[in-house]
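Right, I'll just put the structure down here and ask away after.
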Amino acid sequence: MAILCDKNSKVMVQGITGGAGKFHTERMLAYGTNIVGGTSPGKGGQTVSGKPVFDTVVECVEATQADVSVIFLPARFVKEAAIEAIRAGIKFIVAIPEHIPIHDMLYVREEAVKAKATVIGGNTAGVMTPGEANLGIMPDIAFAPGRVGTVSRSGSITYYVADTLTRTGFGESTCVGLGGDPVLGSTFDEILWKFEEDEKTKAVVMCGEIGGVYEECATETIRKMKTPVLAMIGGIYAPPGKRMGHAGAIVEGKMGTAKEKLDILAAAGAHPCRTFLDIPETLKKLGV
Amino acid sequence: MRLYEFESKQLFENFKIPVSKRFIAKTSDEVYGFVENMAGSVVLKSQVLTGGRGKAGGIKFADGANEARTKARELLQMKINGYAVNSVLIELKLTVKKEYYVGVTLDRANYKIVIIASGEGGVDIEKTAVDHPEKIFKKSLSIKENLYSFDALLLAKKIGIPQPLLKESAYIIINLFELFKNYDAKLVEINPLVLTNDDKLIAADSRVSLDDDAVFRHVDLKEMGIETRHEEGEMTPRERQAYEWGIPYLDLDGDIGMFPGGAGFGIMGNDFIHYFGGKPANFMDSGGGPAPERIAKMLVLLDENPNVKAIFGARFGGISRCDDFAKGVIMFLKEHGLSKPMVMRMTGNMWQEGVRMFEEAKKENPELFEHIEFHGIETPIEEIAKRAVELAKEERGQ
Amino acid sequence: MAILCDKNSKVMVQGITGGAGKFHTERMLAYGTNIVGGTSPGKGGQTVSGKPVFDTVVECVEATQADVSVIFLPARFVKEAAIEAIRAGIKFIVAIPEHIPIHDMLYVREEAVKAKATVIGGNTAGVMTPGEANLGIMPDIAFAPGRVGTVSRSGSITYYVADTLTRTGFGESTCVGLGGDPVLGSTFDEILWKFEEDEKTKAVVMCGEIGGVYEECATETIRKMKTPVLAMIGGIYAPPGKRMGHAGAIVEGKMGTAKEKLDILAAAGAHPCRTFLDIPETLKKLGV
Amino acid sequence: MRLYEFESKQLFENFKIPVSKRFIAKTSDEVYGFVENMAGSVVLKSQVLTGGRGKAGGIKFADGANEARTKARELLQMKINGYAVNSVLIELKLTVKKEYYVGVTLDRANYKIVIIASGEGGVDIEKTAVDHPEKIFKKSLSIKENLYSFDALLLAKKIGIPQPLLKESAYIIINLFELFKNYDAKLVEINPLVLTNDDKLIAADSRVSLDDDAVFRHVDLKEMGIETRHEEGEMTPRERQAYEWGIPYLDLDGDIGMFPGGAGFGIMGNDFIHYFGGKPANFMDSGGGPAPERIAKMLVLLDENPNVKAIFGARFGGISRCDDFAKGVIMFLKEHGLSKPMVMRMTGNMWQEGVRMFEEAKKENPELFEHIEFHGIETPIEEIAKRAVELAKEERGQ
């Protein structure tokens, strides 16, 4: 069991013939991910790592029954790529690129909700179900199959958390990169609830950061969850009004301070952690 | 990124939102020159990319050119929230009968665009929302929807716009919405929308924040002289340099040079340093999949920053590969040289290759590495952060 | 019984303070139409013919329970006016103005279908249920209560047909002006079917003209109908490529010739009529 | 209204749809001047607002300026479907490898915008739709939807665009769709979209038909010199005069002057006259609620038309009121005078008032009414039409 993807997922790559697309397709395949093909308009008929390339997602789905897509394209093309995948019937889409315009993501979200599809990202390292599927750009070394789910707005934080969980023997069920952009395809609460419904996941580490409202929106779900939630928030010492790398990581006015986010989550029953080393200690205390 | 008032008023004018005639001046003499030809009292408004300008004394009134020059001189010497005032906007003083608030912003939680209006203008709308939620009226729209005039008119009516001005105010709201949509905005505000004593509606103050990631679509902004910048404050020279090199970078007020991989750990690492008693000199992110050249430039920024006493390096290779990272560090060491102590940890994609490269380079030129303490996945990152704090302390001679 | 409107309809007028709005409100009231109020943005609080004026439709509906709206506004404002009425819950809207842009009407139609509302027009003389309600600009003199329904793309044709039916003693159940514009809020088949379901209507006279496809689209409905349909088509001798008064009345390429329309309708079972005098004769033959 | 090829190609160019470099000439000497500076064979295309230009010989090829001048002279003396050729478009002759069809039009039956593409270009698409429906590919969109590149690309693929040109052709389709949306079009077509021997895509012929009722929104058209006109053919001088007076009017080739109320009966009355053996000299409509002045002008148009032998008048007052109508007729009779026999019927809104006005005017100036036979609701309109046919026959002296 896992959430979002496993060894049976039939994964396609949009932008498979590009530099990053090619490189990470190779890596994902090497991990054992069931990559079935990809798209690159005007390059249908080619192959990448032995997998067929199509001009459109519709054609790829028809030929390969792909049910998951990972997007490796310049940010300005993500809107159309994601909508193309959704309309072709793909139900899970990972949008890797960063700097996707906000208004574009509003369109994507609207299509996704209508089609009951899940979009992750943009600006995500992807989704990893250790030992089964690696969708995106996450480094294998950090991960091992296990019982803790993670969901984070940051790739690097995902790695450090997984690294910590792996080193301390908990391992991970699935690790979800929510993405660093200001408007995201999915929200913390949606992913948390998937973990709640996953038998294999005994606890979830949720890592937020300054900016936006997605952490705040998760409180109701955390209250309802039986699975314990550990929470880290980056940016306690961040200066206001300055974008910290991630387009979404910016304190605007009174919105999105780390302190407030952490307080709200703790009030909802999440277990706050300051550093990665707090995580295994908290898990031990919770008897996970 | 936020626009200056004078920039956003230009956009307002382009979208037929009523604004006063105005001048922008960089010196008090220029102010004198403009005001000399204006009949009536004027308002001088410091142009800064930060809030709370009014409370900080950044807005002054003047009668006549002489008083305007004196007051402008004061404004141009001010700092507001730490930001220098480099220019002053001059407008005729309005006679205010009533002030309204109209704004368009993102409701990220619900993935909507929301039009907000209130009969309480000229004050902090977030405060009104908390203290008097009943005084705030909203209309939410999906990104695919248009704002229709009847909905705008209902909002105008709810906030108490006088009936003869209802239609006009509805078009102001619609035009503000169009501006928001057209320029990929995050926030556009008229605060206050002033009803003057002679029953005219005028956007007295304006705020426009755009989505940095969509600015590429709006080439006309560059033609208007509107360059990428922070949401608050202008870039420092070092930030501008980093921006030109494609490196997300912020100057902070501590002494530990931050050289992390990934924005997320860039933010979190900043907290860690604080937790362990240190203070970072900067925020930095390598951006996705940096080439060795960019890695080298990141180190240049730190090594040449006189505030930096020690460097905290962390690399967890994801889309960024450890071999490229190592190549970049070695490039920097050979071409520039490291003058400050650095502790670093490297793991992730291609880490073996990265380690091998470091070892070879070190064998060749051991002297280049004398300031570097190197760790791999076996050391928790917290230990690295602690060590960086120690190194900085040592360097400061404490 | 009647279709679309009767003496119980609560009718409002959008644009009630304008010249045409005022004049025809007075006329409709004089006929006995149950006018309850109207709108004119910025003029709420005034009255016209003793009826209250509101700034928005929502306010009018709230105060008067209006369920029908007649629009008297310049063509460029009809799109928003109709959508305003639909969103305020009005289920029947008569768009009198001519020259409404086609793309605007596509928006209106989309909103109407979504809300299950009926829009008639643009460029219509309105809808008349003799003796009960006169919505629009039709002259009373032509009409008398009776048993034949009429639906026409033209106001003047509606009058001549009613005049003929009245003079010959058949009278009219309801007379619907579909409108002379190229894209209409409602189609012949939709109105025909309402007549089919109306007990009082014993026959329907359908008057089309050159241009567009709405006559052609009615054939399936005519085939299904038990109520006999009489069909007239104007423009047998119309020159191609020239707009004949109505924006919709133009033969474009091979589309929309009168001859073809009449042939198709006859093939579907409609009884073709050349002049108005053919109508009573045909009705007599049919035993109506 | 339909645009000339050279006008629609300008719009194509504005929307980044590839077109050839081209010149427009009104005289054969101008043609000579342009072709002198062109290398290669040229195509000369008569500019007319009607279909079937190719079959009618309205397109000619020429090598060199002399031949071009000769052929242009021939073209400029031609009539195509009765319409004079007033200008010639000159382009370099394309080497055609393949021709495609791409169009965007209204699907009025379903209230959709439909994008149509076919691998069979350069021919009548309506014929292809009938003979080979399998060669036509469509994508229907609601007015609120955008055409996405993947859908455009699928269409391009289905019609057999070579793979290296798929992306480019998808953007051509999208741009054509954008043009359609932006200009409130009824139809935009590239027919053919030519694939040249050197594998370039070029819109070789273009058709753009706009919604007359939305032209007011597109002020740039006027700036481009694009004025309101028919879907087919230009206006005659009398039609232009009527248009300027705000009267929908068409010249026809008969001798009965049509003076009806309402477009619907304007159309139907035209048929009636034919049924009863006559031929109308015109179509006319008063437009909604005409003022007396416009009514008077309608009669001026008829009375001054030498082709008109008798006038058929019909007024069923709806939004147009009989009193205003009577006022207009009387105004005409007094100020201009009627020189031709007229039979008319008047009823509808305010008919009593209209009749009263006629009676009073007649009492005052009976001579003005000597050519008029007047009827009310008691006479079927068919009788009036028959009488008009008789009157015209009498007038012709038959």
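Order of writing sets the chain letters: A, B, C and D. Residues in each chain are counted from 1.
In this text, a contact is a pair of C-beta atoms (placed from the backbone, for glycine too) under 8 Å apart; a residue touches a chain by one contact, two chains touch by 3 or more.
Because the structure is a prediction, the values reported are computed rather than measured.
Novice: On a C-alpha centroid basis, what's the spacing between chain A and chain B, in Å?
Specialist: Each chain's C-alpha centroid was found; their separation is 26 Å.
Novice: For chain B versus chain C, what separation do you get between their C-alpha means, in angstrom?
Specialist: Those two chain centres are 57 Å apart.
Novice: Could you list the positions in chain C whose residues touch two or more of the other chains?
Specialist: Residues of chain C never touch two or more of the other chains.
Novice: In chain D, which residues are in touch with two or more of the other chains?
Specialist: Residue numbers touching two or more other chains: 144.
Novice: Have a look at which chains touch which and call the overall pattern line, ring, star, complete or other.
Specialist: Looks like a ring, each chain touching just two neighbours.
Novice: Run through the chains and report each pair that touches.
Specialist: A-B, A-D, B-C, C-D
Novice: Please name which positions on chain A make contact with chain B in the complex.
Specialist: 20, 24, 27, 75-76, 96, 98-104, 106-107, 109-110, 113, 125, 137-142, 152-160, 163-164, 167, 180-183, 187, 207, 209-210, 212-214, 216-217, 232, 234-247, 249-250, 252-254, 258, 274-277
Novice: Any idea which chain C residues touch chain B in the complex?
Specialist: 41-45, 55-58, 80, 83-84, 87
Novice: Over in the complex, which chain B residues touch chain C? Could you list them?
Specialist: Chain B reaches chain C through residues 148-150, 153-154, 157, 163-164, 166-167, 170.
Novice: Going by the contact rule at the top, pick out the chain B residues touching chain A in the complex.
Specialist: Within the complex, chain B contacts chain A at residues 2, 49-51, 106, 108-109, 111-113, 126, 142-144, 181, 184, 186-187, 209, 211-214, 216-217, 230-233, 248, 250, 252, 260-268, 270-272, 274-275, 283-285, 287-289, 316-319, 347-349, 351, 377, 380-382.
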